[in-house]
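Data block below; observations after.
Going by the order they are written in, the chains are A, B, C, D and E; count residues from 1 in each one.
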Amino acid sequence: MSLIEVAKLKKAYGDIDVLKQISFGVNKNDVVAMIGPSGSGKSTLLRSLVHLENIDGGSISIAGDYLVNEGIYAKPPEIKKITAKMGMVFQHFNLFPHLTVKENLEIAPKMVKKELSMVLEKRSRELLAKVGLENRASAYPAKLSGGQKQRVAIARALMMEPEILLFDEPTSALDPELTGEVLQVMKDLAEEQMTMIVVTHEMGFAKEVANKVVFMDKGEILETGKPNELFDHPKNERTKLFLQRVN
Amino acid sequence: MSIDYMNTILRPMLEGAQVTILLFFIVIVFSIPLGFLLTLAVRSSIKPLAWIAQAYIFVVRGTPLLLQLLVICFGLPMLPGIGEFLVLPRFMAACIGFVLNYAAYFAEIFRGGLLAIDKGQYEAAQVLGMNKWQSFSRIILPQMFRVALPAVSNESITLVKDTSLLYAVAVPELLHFAQTAVNRDFSIVPYFFAGLIYLIITFILTIVLKKLEKRMKFE
Amino acid sequence: SNSGQAEDKIVIGIDDTFAPMGFRDESNEIVGFDIDLAKAAAEKMGVEVEFQPIDWSTKETELNSGRIDLIWNGYTITDERKEKVLFTKPYLANAQVIVTLADSNITNLSDLAGKKVGLQGLSSASDALNSNPISSEVEITEYKDNVLALTDLKNGRVDAVVIDEVVIDYYMAQEKGTYQVVDESLAPEEYAVGVSKKNEALLEKVQKAMDEMVEDGTAADISEKWFGTDKVLN
Amino acid sequence: MSIDYMNTILRPMLEGAQVTILLFFIVIVFSIPLGFLLTLAVRSSIKPLAWIAQAYIFVVRGTPLLLQLLVICFGLPMLPGIGEFLVLPRFMAACIGFVLNYAAYFAEIFRGGLLAIDKGQYEAAQVLGMNKWQSFSRIILPQMFRVALPAVSNESITLVKDTSLLYAVAVPELLHFAQTAVNRDFSIVPYFFAGLIYLIITFILTIVLKKLEKRMKFE
Amino acid sequence: MSLIEVAKLKKAYGDIDVLKQISFGVNKNDVVAMIGPSGSGKSTLLRSLVHLENIDGGSISIAGDYLVNEGIYAKPPEIKKITAKMGMVFQHFNLFPHLTVKENLEIAPKMVKKELSMVLEKRSRELLAKVGLENRASAYPAKLSGGQKQRVAIARALMMEPEILLFDEPTSALDPELTGEVLQVMKDLAEEQMTMIVVTHEMGFAKEVANKVVFMDKGEILETGKPNELFDHPKNERTKLFLQRVN
């Protein structure tokens, strides 16, 4: 059974169908790259998984539990338990500006899981080391570069020990020189077998790291495949057009 | 000007300044939380509550504080029936008038502060599993206060000067004593001393607030 | 007048809450004993008169600044004031009295000890109370005008008010049964018209008009109208 | 409440409101240009001029308007020697006090407005060959006014309410007549009418200013 | 003789030498592409030509007249006359937001040259047509896209009928989809023999349109040449490195 199972997911804003009966699955240890033109619904799909958006129909199940089953959402405590399995990294980092890097990492597990300070300190130190920022623990976000901020955001998501990590264009707000360091951290995570869904415009990353590419347009998944297949021999006309334009 | 004379006119003024400062602290302490509650009421999903809060803010901000003070101090006791229970000690009446007035101004400031906070902050907190209260108290509120602080500072400096309105409800303060001295001595000097005292108070306040703003910059 | 107006016009500073000497009637017109007296005097002097409501606490300042030519509104002669302004001869006797609510148990001066007393700020009531030893034992509140002080007496924020006798007589006639006057009064005093020290000529003119009005009974008529008796000094 | 009674108490208040409105327009008309000159003085390269302007703004903003009014109306005539030439008609004295006070506030607003204008605007004008005066008057000034307008609006609404201070210098206005009626009739109703009149004035002003802001949006 | 002649130009901010004895010339009808890493002094050089910066030494002459001769500036009216020969287009457009497109175009010639409205209206209509914006004459800048703004900025510079046009990264504040329309207008100008100096990161444009490429680094001109030569066979080590990095 897939770790994430989405079936006939529907979402509309007023008259506009943003997601039209989308179905797909993600297996454990998959790294899924989600590509497609602006407005195709990639962010909405990702946000629906963590319940930042309410969907209008269809089902989402995570690790076997239904977050929403044929349009009916689970009870709030259940929802909480299910979404806790996922972490999310945003395009604009969304670090808490009034907290230091260390506090940014520790506040959620401290308040939500009531974990001990000692445990949290050890974990935050390890994770900051992992993203190469062990020496910035006491800095405020305002003092970090974009790339550093995004690496802190990744570490913060990891502090909650999620099984799945979602990324919504993690590098598109960064200067080109700074995307490298963030992509490196994501590569490391992929190598450690973290299950990830990454909405991205970085075709290089999609080719190198993902084991599955999903192409979306106008609220539909038009094509899914292994990176080489999809990039080198796209079957769908719109996929072809899109790949031409971005290259 | 002799030291003696200065002493004569300064002593009552400094006493009056104490009233000014006392009022200042009372108003700050009560109107900031009250203003915050008003902000919450305005944003409340209970529509009638939101409307009442909005109407309150509109009326308070649209009429002079002086009028409000007169109403609370001399008007309320005139209400038929319940009036006799509304005879508050004068200074308390003034405090209530100031607190109710400033709460409306602070409410508007906080509303602006909340609007300035990025939606992403709420979303990040939610995705990290925090509940509404946790994310509001630990993530949103501290940022709101930081954003609102410069406006709150401005408002507090206005408050120092507004304390001079106390004289209208017969609470003797700095300016009242200055005026007494001016009348008695036929000299403009007491006004200058009063001005100087106000300047010193606002100056110190400005410095303290700037320090606070700097500390709240999170850099 | 150095207030910028033409020579044949005088500006009289009044407190428009000081009934019955000068106040506003139901149609917002300024009326009162002093108003009528001043109008009659102006007629005799052959000048136009303008009544300028002022904040009573700034009256001498107003006079000294020349914005008003006369203070004429139950203006009490005191030694302190004599140093700052010129007075005509007194035209009315008055006393500073202590007023309480009708059911109060304050019956003489010494009962005031430990009580709250209200009065109009920077008025002769204030002088009268301060020159009495009891002043050190009471808590004084200074109001912008007499009416506010009386209002707060009714509100219960003060236990007694020191006020001009003529004024409280008027109010007691209006609102029977509300107030009572303590028998023991603070100080007898007299009203006169105040003129700037720089303007002795005007003082003479006003004095002359006053004398004439006393002579020919105009003053007595006005007194009858407002007090029911002829209280004018001569 | 009878129509007659309403008429009785409203008529003087509406007369008082005329004074309020007159003062409002006089202050706006004079203090905005004066405030602008002060801004220029603060930014002037003639250091003593800049210092004087800064000190002026500091003192005016640091002391109550009420005190300033008292000084101008009653204090200046007490100055030895020149005092007698400084006896202004009461309403004029009040106007001068308000204008001098508001000019300082407007100066601060305009200073902020100028700071908000991008350096690129000056450079573009220079490269196109415009001289200092041309670029200032045609490029910088209009933008500065647009940026400053919301703050100017706020300040004007405060001004409407501040006109109630006129009663301290014995210029009879709206609030004074309300108080006369309250004292005479021993009823709180006149205060409510006064409040209503202020609300109507501020409300109309708000609408007019919002319209103006919309028109100045350049979209 | 060159139209622009720069000799031993020196400029420092405090201790930092931003331009170190720079010399170069531009002939009539040249299209010069100026490239180099961030902070190398390209903008400062351009801004010195139109007297937005005061230089500390050296000479600049435009069409035979010295703007500054061995560190000594000409008299103000003279400076005005000389700089009037150049127009400049900025990275951030710097349109006047309170004026319509038409007013943006006409204000400077009206105020500076006192030209007649009739003449100006004709010219502004022509120039707007040239940059493809004839139907936006009465719009305010806020209503234009970035590419449209930059085209208006170019038309505005042309209104003053300059002999030379300077561009400081005219497309780098634009979304990639919008750069094309601006580059097209610049190509058209090049074809009409306008003399231009263009600071740019658009190597494509530099290759296609420029007849001369100048590579700057750390306040010095390290290499100058025809586009093919410089791009395909850079002589200087730093040029090589830079070209590698940007491709």
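Methods note: a contact is a pair of C-beta atoms (placed from the backbone, for glycine too) under 8 Å apart; a residue touches a chain by one contact, two chains touch by 3 or more.
All figures in this text were calculated on a predicted structure; none of them were measured in a lab.
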item	value
Joint neighbours of chain E and chain C, given as chain labels	D
Shortest walk length in steps over touching chains, chain B through to chain E	2
Furthest chain, CA centroid comparison against chain D	A
Top chain pair, ranked by how many C-beta pairs fall in contact	B-D
Of all other chains, the one whose Cα centre sits farthest from chain E	C
Distance between chain centroids, defined by C-alpha means - chain A, chain C (Å)	83
Euclidean distance of C-alpha centroids - chain A vs chain B, Å	46
Where chain C and chain D are represented by their mean Cα positions, the distance between them in whole Å	36
Residues of chain C whose C-beta touches two or more other chains	58, 61, 64, 148, 151
Junction residues of chain A, two or more chains touched	none
Residues of chain D whose C-beta touches two or more other chains	74, 78, 168, 186
Every chain pair meeting the contact rule	A-B, B-C, B-D, C-D, D-E
Chain D to chain C touching residues, read off their complex	8, 11-12, 73-74, 77-78, 83-84, 87, 89-90, 167-170, 172, 176-177, 180-181, 183-184, 186
Partner chain E, residues of chain D touching it in the complex	118, 120-121, 123-130, 134, 138-139, 142-143, 146, 217-219
Touch list for chain D against partner chain B, complex	58-59, 61-67, 70-71, 74-76, 78-79, 157, 161-165, 168, 175, 178-179, 182, 186-188, 191, 194-195, 198-199, 202-203
Contact footprint of chain D on chain E as seen in their complex	50, 52, 80, 83-84, 86-88, 90, 92, 94-99, 107-108, 111-113, 140-143, 156-157, 160
Residue ranges of chain C in contact with chain D within the complex	2-4, 16-17, 23-24, 26-28, 52-55, 58, 61-62, 64-67, 145, 147-148, 151
